[in-house]
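First the structure, which I've put down as C-alpha cells, then a few questions once you've had a look.
Chain nomenclature is as follows: A, B, C and D, assigned in order of appearance, with residue numbering initiated at 1 for each chain independently.
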Amino acid sequence: MNSFGNLFRISTFGESHGKAIGGIVDGCPSNLVVDYDLIQQQLALRQKDPLDINQRKELDNVEFVSGIMHGKTTGAPIAFFIQNKDTKSEDYTQESTVLKPSHGHFSYWKKYNIYDYRGGGRASARETACRVVCGCFAMMFLKQYNIHIEAFTTQIGHVKLKNHFCSYDSAEAQKNALHCPDNATAQEMLAFLSEIAVSKDSIGCVIGCLISNVPAGLGEPVFDKLSANLAKAMLSIPAAKGFEYGSGFLSASKRGSEINDLFTHDFHTKTNYSGGIQAGISNGNPVYFSVPFKPIPSIMQEQPSIDLDGNPCVLKAAGRHDVCVSPRVVPVVEAMAAITIVDHLLYYNAYKTNKF
Amino acid sequence: MNSFGNLFRISTFGESHGKAIGGIVDGCPSNLVVDYDLIQQQLALRQKDPLDINQRKELDNVEFVSGIMHGKTTGAPIAFFIQNKDTKSEDYTQESTVLKPSHGHFSYWKKYNIYDYRGGGRASARETACRVVCGCFAMMFLKQYNIHIEAFTTQIGHVKLKNHFCSYDSAEAQKNALHCPDNATAQEMLAFLSEIAVSKDSIGCVIGCLISNVPAGLGEPVFDKLSANLAKAMLSIPAAKGFEYGSGFLSASKRGSEINDLFTHDFHTKTNYSGGIQAGISNGNPVYFSVPFKPIPSIMQEQPSIDLDGNPCVLKAAGRHDVCVSPRVVPVVEAMAAITIVDHLLYYNAYKTNKF
Amino acid sequence: MNSFGNLFRISTFGESHGKAIGGIVDGCPSNLVVDYDLIQQQLALRQKDPLDINQRKELDNVEFVSGIMHGKTTGAPIAFFIQNKDTKSEDYTQESTVLKPSHGHFSYWKKYNIYDYRGGGRASARETACRVVCGCFAMMFLKQYNIHIEAFTTQIGHVKLKNHFCSYDSAEAQKNALHCPDNATAQEMLAFLSEIAVSKDSIGCVIGCLISNVPAGLGEPVFDKLSANLAKAMLSIPAAKGFEYGSGFLSASKRGSEINDLFTHDFHTKTNYSGGIQAGISNGNPVYFSVPFKPIPSIMQEQPSIDLDGNPCVLKAAGRHDVCVSPRVVPVVEAMAAITIVDHLLYYNAYKTNKF
Amino acid sequence: MNSFGNLFRISTFGESHGKAIGGIVDGCPSNLVVDYDLIQQQLALRQKDPLDINQRKELDNVEFVSGIMHGKTTGAPIAFFIQNKDTKSEDYTQESTVLKPSHGHFSYWKKYNIYDYRGGGRASARETACRVVCGCFAMMFLKQYNIHIEAFTTQIGHVKLKNHFCSYDSAEAQKNALHCPDNATAQEMLAFLSEIAVSKDSIGCVIGCLISNVPAGLGEPVFDKLSANLAKAMLSIPAAKGFEYGSGFLSASKRGSEINDLFTHDFHTKTNYSGGIQAGISNGNPVYFSVPFKPIPSIMQEQPSIDLDGNPCVLKAAGRHDVCVSPRVVPVVEAMAAITIVDHLLYYNAYKTNKF
C-alpha cells in the first residue's frame, strides 16, 4: 500500500496536481534533534535541473504539523505537507483522453476503474519529495550510529564510470550537479544530457549507492533479508527497473574461487563481492548496490497512441519534463536506503536482550 | 521474518540438519483441489543434479498435517513437514570452528550470538524445498485464472542465450535438465558445468522467468508495486544477487523514444520493454524478469580462512556441493513468483466492490 | 502504532495543541461517492455538549488534500487535516510540571523520555475526530452492503436502560442529545450529568453498539476473529475500559442449555446470545457489543499530585473539560466499528474465488 | 489470520481431528534456555479435569523440530507439533449433517463453503494447546525481566470471589484444581461444577489475570495500546465473551474523584483503578484484567437443531465434553498475556536508542 517499513514506517499521500502532497513518519525514535538544513538540502537536490532548463522558481516548502516539540522528535507520528504551488494544470488539458505510452495512467485506470488525467496523479515522481523528507529522519537516526549513505550517478546512456563506483573518492561527487564521483565523467554525462535535450528525447541512467559503517547483524531471515528489503525499496521508486548488490549480475559469469570473500584476521573480508551482505544479513563490510532507471517516458516529441476508447490518436508534447531522472533521483535512493536500514536497525535493537 | 506475503502468507521453518523442515500456507482459498503430482514434480526438479554426480537417493517426502480434507483445501492453514532423512552430519565435523567464506555462518553468528556449525542451518538452500511446496498451492490457484509461470536458465558462466529468453519456445525448456529454452545452448551449458565440476569449482547463473496472462491491475501503489514485491521475493532466495524486469539494466542506455511501449488498438502494446508492469501495476502484457545467482560458495577446494577466534586456518573441502544453483533454483523462482502474484491477486479481488 | 486495519487502513496524526490533526485512509475502494454531509454530521455529534456548557463555537473543518476527484474516491490514499483553531494554550501553563492523575502524561513521559505538558498531546481525545472522519469512508462503503452501525448511550453512572439496548427502537436515540434509545432514561441521564457538573466532577458510562445486516463469514480464524478485532478497536478508544459482545460477562453465570442459540429453519437463530459471532466469525445475525468508559480524569477540582521531580503539589483545575465521554464518544465507537467491519469485509472479498 | 504478534509472532495450525496440531514461534530471542518443565506443567494444566470425569490418559507430547540447539533457542523459528493421538472420530459420526447450536461449524461453513463435520475442526479448543507451548517461550523471556503472569478462576456460575482477585494471596491458587485464589470459594465452585455435570449441562466462568513487574512504557499509541492488544489476545480465545482491565465495567458508575489514581512520591499510585495502563501505555503498576467465558456449547443433552439443508432434527449428545472452560483455559490466558507483553517489550527495546 502507501506505507513502507515496519518499525520505522513511512506513509505518503497526495497527487501531483492536488492541493498538497505529504507524509507521515511513524515509529521515529523520540528526542532526535530535527536537522532542518538536511531536509532542505536533500529537497533542493531532488529539484535540481543539471541543465538549468526547467527552472523551478520555488523550492518545496515542508510544513510540519505534528511529532516535533522544541526542535526534537516526540515519538508521535511526524506529519508534514508540501503545497503544490506551481502546478500548470492547463498544460495537461490535451492529455485528458490520450493514453501516454509507458506511463502509469493506463494501469492505474485498469486498477481503480477511474481515470485521473491530471499529470501523473499518484504515480508522479513528485511523490518522491515526501520520501526524501521521511528519509531525512532516518538519516538523523543513523548519524548516531555513524552510518553514512551516499548515492551517485554511475551511468547515463552510454557514458559510464570506467571503474566501480565504490573505488572513487566520494567527495568528488559533491563537485558536480550529477553526484558522479568522477568529475571528468560527469562533464561527459552533462554534455550528453544536453544532446538528449536538444533531440527532445530522454535517457536512462544507473544510480549506485554506498552505505558505510553498517554493523554486522542487520537483516531478518529468511524473507526479510536486508538485500531483499533494499531491493523492494529501490524497485518502489518510479522508473526503477532493477537492482543488484555486491557482484550483482556479474556474479553469473564468475566462479566461486574467484569471488568468495576470504576473511581477514579482524573478521572483515579481503574483497567485498558480497556487498556487505551474507545470507541476507549484513556482515560488517560496506553495503553497496546499483539501480537502473529507464528514460522518462514523457518526451517533447509527438507519439502515436490511442484514447480511452481505443481510437488511434497522437499524443502531443506538453507539460515540462526532465530528460533523465538523474540527479533528481539521487536523494530518493538515499532516502529509501536510509529508511530500510533504520527499519532493520530497530529490529536488531528489539532482540538485544538487555534489560530495562 | 520467516513469513512472506500478506493475504497469501507462507511461513517456513527448519534447519538443514535438524529433524525436519516444513512450512505453513495461511490464507489459501478453500476448495482448491490439491495437485499432489505438481508438488512432487516441482520438488523433484528442485532436487535434480544435471550432472548426476550428487545422487540423492530419496526424494523429499512431504507430510501434510492440516488444512486439507478429502483432497481439497479447507481454508485453514496448510502445514507440512519434510523429514531430513539423509543428513550426513559427520561431514560437517571439521567445519565446526572454521568460518566459511561468503557463507551465512558468520553473519548469523553475529546476529544471534550463537554459532550453528552444522550445514547451512537456517540459511541452507534446503529451506527452499518448503517454498516450492507453498508455491504449488499458489499455482493451483493461478490455474483458475489461466496464469502460467515458467522459469528458465538463461546463462551459466559465459554461456548465455543468444536472444532474449522470452523469444524462445518455452516447450523447448522441458527437453533439457537445465530448463534452458534453447537446447543447443543447454548442451553447451552442461558441458561447461562438467568442466567446472572437474576443476572443483562452482559457477554463477541467471534465471529468467515469464508470467503469462497476468490481468491488468495487480500491484499496490506506491510501495507495494508488483515489481517491488517480485524483487523482494527473488532477492529472498539464497545466492540471488539482483533483479531486473522488462528492459532492466539495459534501460540505462536507452532513449525514451526507443523503449516507450506504444499502445495497440486492443490496449496492449507493440513492444514490452515495460515487462508487463507500469508504475508498479500490471498492464495486461506478459510479466518477465531475470535474477542473477552467485556461484555456490562451498567448493571442493581448500580455502584459507579463520576460526571463531580469528586465527588463520584452512577450510577443507567437505560435504557434498552442487556446482551451480541451476537448475535446482528454477522451481524456487517459480514458487516465489507464484506466491507474489497470488498475494496481489487476492488484494485485487478484495477491492472489487461487488456485493455478496 | 498509529495505524489500524490491514486492507482498509487508517492512520492518524497530530497533537491536541499542535497546528493540526489529521489522518489518512489507505485502501479505500475507488469510485465511492464522498458523503460530506455524513462527515459533518458525525463530527458535529463528536463535538456535542449535551449540557451546553462548554460551547465550542466553531465546528471542526476537514480539509481533504488527496484521494478524491470530482467527489469520488480514486483509490489513492485520502489525506485530510483539521486545523486546531481554538486551542487555549494559556490554560495549560500551570500544569507544565504537575502530573495529572489517571492521565496519559506520565506513561507517555516514561515511554518517550520527553514530557509534553500541553493538553493531552497525542493521547488527547481530540485525536478521535480523525477516526470519525476515517470511519465515514468505511460507512460509505458499508452502505453498498446495507450494513448499518449505530451506537447508543446505555448507562451513565447509576442511570441505565431497564432492558437490553437492542430491544429498543433505535430511531428513539436520534431524539435526545445522548443517543439513548429510551427517551425517559435519557432525561434522567441528562439530569444526572447536570448534578455531576455542579459537583465539579466527571462520570463514567457505557456505550452499546448494534451492527445490522452483517453477512455470515466475516472474521479470520483463529487470532483475527471479528470479536477480537472489534475488542481491539474499542479498547483503542481513549477512556475505554472493557468490551463485551453478545451475552458478555453475563455468560459467566449462565448454563449452556440456557444460552445456546438454537437454529431456525432459515439458518438464523431464535436467540442471539452469541452477538452474531460464532468462533470469531459472523453468523448472519446482528452483531452487538458494549464498551464501558471511565470518567474523564480531568476534573474541575483540585487534586493532590506530584511534579516531575516527585515533589508533592496540588493540581489546580484548569482548561475546559466535559463531564462524561458520552455522547461525544458515540460517533467514535461507530467509526471504529465501521472500520473493523470493512477491513473484514475486504478480507472476505479477497478470498471469494470468482475470476476477473 | 492464524498468526498473532508482530515481533514475537506465533502461528498455529491443525484441526482437532487431523494428524497433528502445532505451531511456530518466530522472533524468539536467541540464547534462551528452553524450560521444558514449564511447557509440560502448563500443558498438564490445560488438560486438567477438575472433576476427574473425562480422563485423558496421555499427556500431550510436544515434538520440537527446529529453532533449538543444545537446549537453547537459536533465533530461528521454533516449530513443534503435537500428535492427535486419542481422537475418537466415531463419536462424531452422527453430527456430520446436524448443525451444533452456538458452535463454529455453521460460521466456518459459510465462510469457507466447505463443511468439516469432525470435532471442532480449526475452531476446536484443542488449538489452544499450541498457544500454551508458544506462551511458554514468552514466559522464559519475561523471566529475565522478572515479569510474572498468573491467571485465576474468579467466578463459575453464581459462585464468585467475595473480593477482587488481586487482593488474595496468589500462592493459594496453586492449592486447588481451579486456580482460584480463595480455597473455600474453590471448593464451592467444584461442588457446583459437579451439580452441572450431573444435570448434563455446562456453565460459564470468569478468569482474572495479574501481571506483576511490568515496567512503565509498554504499549504503542494510539491503536496498539497495551490494553487494546490484551483485549484482542483474550477475545481470540475460544468461548471468550469480553474483557475488562482495571476498574472495567464498574468504571461506568464511578466519578472521576472516586477512581482517579493519585500519585505517590515514588511515581507509583495509591490506588490502581487504571489496571497499570494509562492512555494505553503501562505505568509501572501491576496490570490486571478479567475475561468472561461462555458455557461450553456442547452439552450431554439432546438439543433441537437443523441439518445442512435446513431440515429440523435433533442433535444427540456425543463425544466427551468438559462442563466449564475453567481451569483448562487458565494457562491459555496466561500464554496469550505473555505473548502480548513480550511483543510490546520487544517494541519497547527497539526504540531505546542505545548504540551497538
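In this text, contacts are C-beta pairs under 8 Å (C-beta built on N, C-alpha and C of every residue); 3 or more make two chains touch, one makes a residue touch a chain.
All values reported here derive from a predicted model rather than from experimental measurement.
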Chain of greatest Cα-centre distance to chain D
A
Report which interface contains more C-beta contacts, comparing B-D against B-C.
B-D
What whole-Å value do you get for the distance between chain C and chain D if each is reduced to the mean of its CA atoms?
26
Distance between chain centroids, defined by C-alpha means - chain B, chain C (Å):
46
Could you grab the centroid distance between chain B and chain D? Build each centroid from C-alpha atoms only and quote it in angstrom.
39
Contacts with 2+ other chains: residues of chain C:
1-3, 12, 27, 30-31, 75-76, 108, 111, 122, 221
Looking only at which chains touch which, which shape fits best: line, ring, star, complete or other?
complete
Mind listing the chain A positions that touch chain B in their complex?
1-4, 12, 99, 101-104, 106-108, 110-111, 122-123, 127, 155-158, 196, 199, 201-206, 216-225, 227-236, 238, 240-267, 269, 273-275, 277-284, 292-299, 301, 303-306, 310, 312, 348
Per the contact definition, I'd like the list of chain C residues that touch chain A in the complex.
1-3, 9, 11-15, 18-22, 24, 26-27, 30-31, 63, 65-67, 69, 72, 74-79, 81, 108, 111-114, 116, 121-122
Show me the residue ranges of chain C that touch chain B in the complex, using the header's touch definition.
6-7, 27, 29-31, 75-76, 141, 144-145, 215, 221, 346-347, 349-356
